[in-house]
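Next come two complexes, and both contain chain A; in the first it sits with chain B, in the second with chain C.
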Partner chain A sequence: MTFTRTLLATSALVAVGGTAFADGHMASDMTLVSWGGAYQNSQQKAYVEPYIAMNEGVTAVWDESSAEAVAKLRAMNEAGNITWDLVDVVAADAIRLCDEGLAMEINPDEDLADAPDGTKASVDFGDLIVSDCFIPQIVYSTTMGYRTDLVGDTAPTSVCAVFDTEAYPGKRSLEKRPINNMEWALICDGVAKDDVYSVLETAEGQERALAKLDTIKDDVIWWSAGADTPQLLADGEVVMGSTYNGRFFSLIEEQKQPVAMLWDAQVFDLDGWIIPAGLPADRLARVKDFVKFATDTQRLADQSKYISYGPARLSSAPLVGKHADLGIDMAPHMPTDPANATNTFLYNYEFWADYRDDIDAKFQAWLAK
Partner chain B sequence: MVALTPISRKPMSFVVPTVAAAGAVAGIFVGAAQGSSLLGLLVGAALLAVIAVIVMQDILPERMMKWIVTAGFAIAGFILAGLPALIIGALFGWFFGWFAYWLFEGRYRGKVAPYLTSGQVLWHFTFRVICGAIFVFLITPILVVMPLSFNAQDFFTFTQEMLRFDPAGYSLKHYRDFLTNPEWTNAVANSLRIAPVATLLSVSLGTLAAIGLSQSHVPGRRAIMAILISPMIVPLIISATGMYFFYAKIGIIGTYWGVVLAHTVLGIPFVIITVTATLVGFDNSLTRAAANMGAGPVKTFFKIQMPLILPGVISGGLFAFITSFDEVVVVIFIGSAKLQTLPWQMFTGLREQISPTILAAATILVGISIILLTIVEMLRRRSERLRGMSPA
Partner chain C sequence: MTSVPDTDAAGRVLSADGTPLKQSLNRALRRQKLRALALIAPLLIFVLVSFVAPILDMLFRSVENQLISDNLPQTVVILEDWDPNSGELPSEAVFEAFAGDLQIAISKKVHTRIGSRLNYEKPGISSLFRKAGRQVKKWDIPNDGPYKEKFADLNKGFADIEVWRTIKTYSGAYTNGYFLNSIDMQKGADGAEARPENEQIYITLFIRTLIMSLAITSLCILLGYPVAWILANLPSRTANLLMILVLLPFWTSLLVRTSAWKVMLQDQGVVNEVLVWIGLVADDSRLALINNQTGTIIAMTHILLPFMILPLYSVMQTISPTYLRAAKSLGATDWTAFWRVYFPQSIPGIGAGSILVFILSIGYYITPELVGGTKGVFISNRIAFHILSSLNWGLAAALGTILLVVVMALYWAYDKIVGIDNVKLG
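After this line comes the complex of A and B, so read on.
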């Protein structure tokens, strides 16, 4: 009696174990790291929910730690305990993580799906694969928005309105870092767009940008989180301010605030996944399976139903449709839309990789003055 | 309290300037809201001087005069800034009506000792005003959060509808979000799974440590005490970093028990301090008497010592609970995505998406904290009463 029960129990265990290992030793839990808010929600809707529907028994939890991803991955690596499976970071952080060996190098043509017409992933993503570890998802831009009821009769049309305190009196909000602000300052000080980075390389050029920023320093509220400028604009605390274009979309179209945005001199940046280095084989297999699905042409196009960021694949662009809840066409809200992209900047990774520490220090010293 | 000093009416040279000065102070705030502090100051002073003079003529009965002033200010408020200002105006009017008569009739003298000089009387009331101001500055930020949590919009903004008391400007949607959104409900569930267990461990270990350390024969007890209390003194970020690397080595990082242990360590100092304080008043001859009658140490502890130090144990436990429930730094280090607690969720929510759901959560937490602290205070009073320390 006891013997048969043991035998039954053992065979049941073997059966359970057998099914668990049936699909190629894949772990069934994933910890995904992202930015929270509407962006994370778009990833949940566009990639995670369909993936879980296809793969029964798989669970995904979110950790909203992308803002401190570099520091945390360093600590995890030092402690020898990587708890994350897939991490959403901006391209600059991906480059750093890759250089430090904290992110795994990928082979785009092998690890990522081809476009529906058979184009290889490396061609479909093209230049946007800015690092060997980086799997691009979206193109977003940092740009300027203003309160329509606080700017008087002539609405601003150029980014330089932010430096024009006479025509547009009041506070403005800018990000508390030199990136973007220095470029805008130089453009509005008369530097041609193509010369911005060669000017910014020199100490005089940096002084010149800071001198331009100095003219509005007393009127600036500095922000550090993407949600700050929308809050300040909704409050009427500022007349204009910079933030990510997706935040403006939500503020204008979803929250119906009296705000309009400028696409002039918008700065493109990329956001995407990295896989932490040193994952155990079963978790790596699962996350590779997921990321191949999550970055295919249809999934990246689906994401734009929930947020106004441009898909990183060329082949996704024609598939961009309408917003899931609002039913409006999303294409005109994409930073990459031809009508919006008449005057743009691409975040210069090489320049900022070389000069960031130096200019950061100068910028902070200027802020403290 | 009954009047201590006979009161008499005061001369115009005292009442009018004082009331006018108070009006000037209030005028600065109203003026600042309307665009000119200086104008507000002058108008406030002039207006209140006139009111003080009318009061002192004693033509109208006091009650009627107070009503007239209140109504007058309410109407002025309504004209300046609509419905909310009507209420504020009425409060101002009520205060100044009362204030003018309080000074004029000399009532302020009634409840202070008769031998005080004018300077001492002035200080007596200035002191109260300062205390009130400190109280207001401490409490206002907490109170401001509460109406904002009923905002119908997704921003931390008092909208026009809210200021008009239009029901359309208010909504319970952030409370609904808090109670139905899995992100928040999971966070609450995690906090409720972690905090009570951490509290129980803190209380057990902390009480035992306090009892042990209150014995005079324990060697090096000051040093041990200092080490046990150090998590309260060392900056939290340092404890958190240390725990992170230590817990990673022994493999309990990101686990439920890892977080519970970390919170236990943070809670123990509170328990030790409160229990040690209660033990000061504990008479050790009671344990000796119990031993004399044949009770073992364990029985003595549960039957004699524990009931007497229970208030200290419970209030220490409540502090330990609140520490665990409010803690964000350590849990960000030790926890994992599956163990996001309520403060963690609020912290990331505030950074990435400024949503009034955080305010709804904050309002609920403030309510819980008030209830817990009321319990602590009631226990404290009870224990004082039992020990005959309180006159009441």
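After this line comes the complex of A and C, so read on.
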């Protein structure tokens, strides 16, 4: 097997040798990896276009592979041929990549720009730097939305409406994975928010959450793509369902569907960059230069002109303006807006890094039953 | 005049130069074979390097477990003497060796990988190793012991016998743990044991995958046979036109076709709306056609149908219509003529189509993921999850190996029952 590896590594060397040292000590090409769609577009507009305008001759190519980034990075690493320069991943994946030694550790105060008032990056990003390798960009949340015309006279106000098939009959859509669903199930089964993870740590707690989900199992359509719930809501297939808040924004504000959001117990999650481990010096220099620019206070605030995700820097929040096309104020659509964030739930990264595989096995076995 | 004798003392036939005929014939044949081999060598080497080797490499991961023995070498050796069933933690010597091994692992930045590996077996170890990494690298070994207490102070997880049992169980360079896991078993205190019932999933999925793939293959035969027959018996101009209709879905993206089925089959979808409109189905009891096994079978039958029609069509084209005419002129009814004369000649096409469709459907995962709901997903969905998401490639490799062996066993059974010579693509 060493043979294949050597073979792949040799071809990698040839490929790298071809592009190295084109622009002094910085490479002139970057391959950025993201999720495609509206989100990648917002990054193109807010980060890449201004960067290229400032640095002539630099080109950036997108690879829409974030969903498979963890596996692909590992394969590239084993083959000794890293073709990506910067990868957009959710925080949980960043932790896994960091643990596997596939992402480079960064020093926030050195590698990231200070806030305009001189606050160090490590303070400005604060707790959102959940891994030594993770460079946060946005805060998004997974939350509930419902069809305003299908829920009767009393619109739901709590996330527990999902479990209330008496008051809100009809199908609901939930993500086909344990994360978020297990937490909501426990909260609606009477567990205090602060105790959720200590309950979920035990086998009994996991049984309890699954038992709660079992009460609505026949009424749930399980989704695996973020676009599923918006489609199901628009077609009237479900009365309510969970997805990312940005998807709801485009469903409600851009497509004008009769849907409203339930910010209650929204689960915050983070998305950001990682730099793959083992980049050659010239490419690393280029990507560090880009990241410093792309995650500064103004750039993160600019991104919210195109998509309703909250900037990960404290100092960016006051700079959030209006949507570039719709012209509406974006601040009220941010998951971090005080009006939306009255009851939020913090996703525990450490917990899920430990228990994800175990609970996922139980969750999938329960689903298959 | 002396001539070369025709036979030697043992009675073997000799050739003109006196060597036994058999030997000389073999030599000539061997030369021919070598030349043939040299001709196909480029392709053979290419297939070996780019196809067989990566697959073997992947399959090898199902037993490979060197990460732990390589990176905790001293600990693993001393831990051999410890009996996990004694109810006591390993000795101080183990902890000291562990501290030393861990420091080296931290400097190589592999301690978190060891944690991730062990976390597949016991949840919690991943963060144990990650957190330990920050502290242990500052220790002065072997001068600031005892390490048993130091580790227990660092994190009570290190004082958990189960953690050490896991390390000991998975300390070998090779493991059968992944294979046990893929058949819903695990390595327990006394060897292999069944997993708790609420974690059993893989055997169910293997059986479901096989049954549903068989159902899809049968449906493809039922639907594809008449279509192929019509295509083969129409004048070629019309047949070519209709062939484009068969091939058209081939050129459409898989995701588009699957999404189209969603629009067709959902509760408020086209099929249900029509059925309600003509009054066949009541408005409040619409048919559940998607997000279940029905959805997977319908969508996959549609997607795989061309793989059945094409081999059937090309085989049927070679069946001369004179056979049918002869049968009828000898007094056979339409049915007898078809069943006794035409059908047996089309079996090679059915065989080829069935093998194609069955093997393709066993490995499908995108369509079941999108339209299969909870009960319509295949084993490949779990394999994809372990490759893409959990990064448990060892388990994915074990599941893949089992799937490969099952497919080969079925292929062998097919060869024994029907005969693989009886498969034709045209």
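The rule is short, and it goes like this: the second predicted complex is superposed on the first by the 345 of 369 C-alpha atoms of A that agree within 3 Å, B and C clash if a C-alpha of one lies under 4 Å from a C-alpha of the other, contacts with A are read in each partner's own complex, and residues count from 1 in each chain.
In this section, contacts are C-beta pairs under 8 Å (C-beta built on N, C-alpha and C of every residue); 3 or more make two chains touch, one makes a residue touch a chain.
Since the structure is predicted, the reported quantities are computational estimates derived from the model, not experimental observations.
Chemist: Overlaying on chain A: chain B and chain C, fit or clash?
Modeler: clash
Chemist: Who does A:Asp235 touch here: chain B (first), chain C (second), both, or neither?
Modeler: So A:Asp235 meets both chain B and chain C here.
Chemist: Look at A:Gln255 in the shared chain and tell me whether it touches chain B only, chain C only, both, or neither; answer first, second, both or neither.
Modeler: The first partner, chain B, only.
Chemist: Who wins on chain A residues touched, chain B or chain C?
Modeler: For chain A, the partner with the higher number of touched residues is C.
Chemist: Identify the partner contact of A:Ile221: answer first if only chain B is touched, second if only chain C is, both if each is, neither if none is.
Modeler: Touch partner of A:Ile221: chain C, not chain B.
Chemist: Using the touch definition from the top, say if A:Arg147 reaches chain B (first), chain C (second), both or neither.
Modeler: Neither chain B nor chain C is touched by A:Arg147.
Chemist: Return first, second, both or neither, reflecting whether A:Arg313 touches chain B, chain C, both chains, or no partner chain.
Modeler: neither
Chemist: Quick check for you: in the superposed arrangement, does A:His323 touch first (chain B), second (chain C), both or neither?
Modeler: After superposing on A, A:His323 lies clear of both chain B and chain C.
Chemist: After superposition on the shared chain, which partner residues are touched by A:Lys362: those of chain B (first), chain C (second), both, or neither?
Modeler: second
Chemist: On the A-aligned overlay, A:Lys212 touches which partner chain: chain B = first, chain C = second, or both, or neither?
Modeler: A:Lys212: touches no partner chain.
Chemist: Run through 80-88, 170-178 or 278-286 for chain C and report the one that clashes with chain B in the overlay.
Modeler: The listed stretch with clashing C-alpha atoms is 278-286.
Chemist: Common interface residues of chain A with chain B and chain C?
Modeler: 67, 225, 231, 235
Chemist: Taking the touch rule as given, give the residues of chain A at its contact with chain C in the complex, in rising order.
Modeler: Contacts found on chain A: 1, 3-4, 7, 67-68, 70-71, 74, 96, 98-101, 171, 176, 207, 210, 221-222, 224-225, 231-232, 235-237, 350, 353-362, 364-368.
Chemist: Where on chain B does chain A make contact in their complex?
Modeler: The contact residues of chain B facing chain A are 153-157, 244-245, 248-249, 251, 253-254, 336-338, 340, 348-349, 351-354.
Chemist: If we count contacts the way the header does, which residues on chain C are in touch with chain A in the complex?
Modeler: Interface residues on the chain C side: 49, 53-54, 56-57, 60, 109-110, 112-113, 115-116, 119-120, 123-127, 130, 198-201, 204-205, 262-263, 266-269, 291, 369-370, 373-375, 377, 382, 385, 387-393.
Chemist: Under the touch definition given earlier, write down the residues of chain A that touch chain B in their complex.
Modeler: Of all residues in chain A, those touching chain B are 31, 33, 35-38, 40, 61-65, 67, 75, 78-81, 83, 225-228, 230-231, 234-235, 255.
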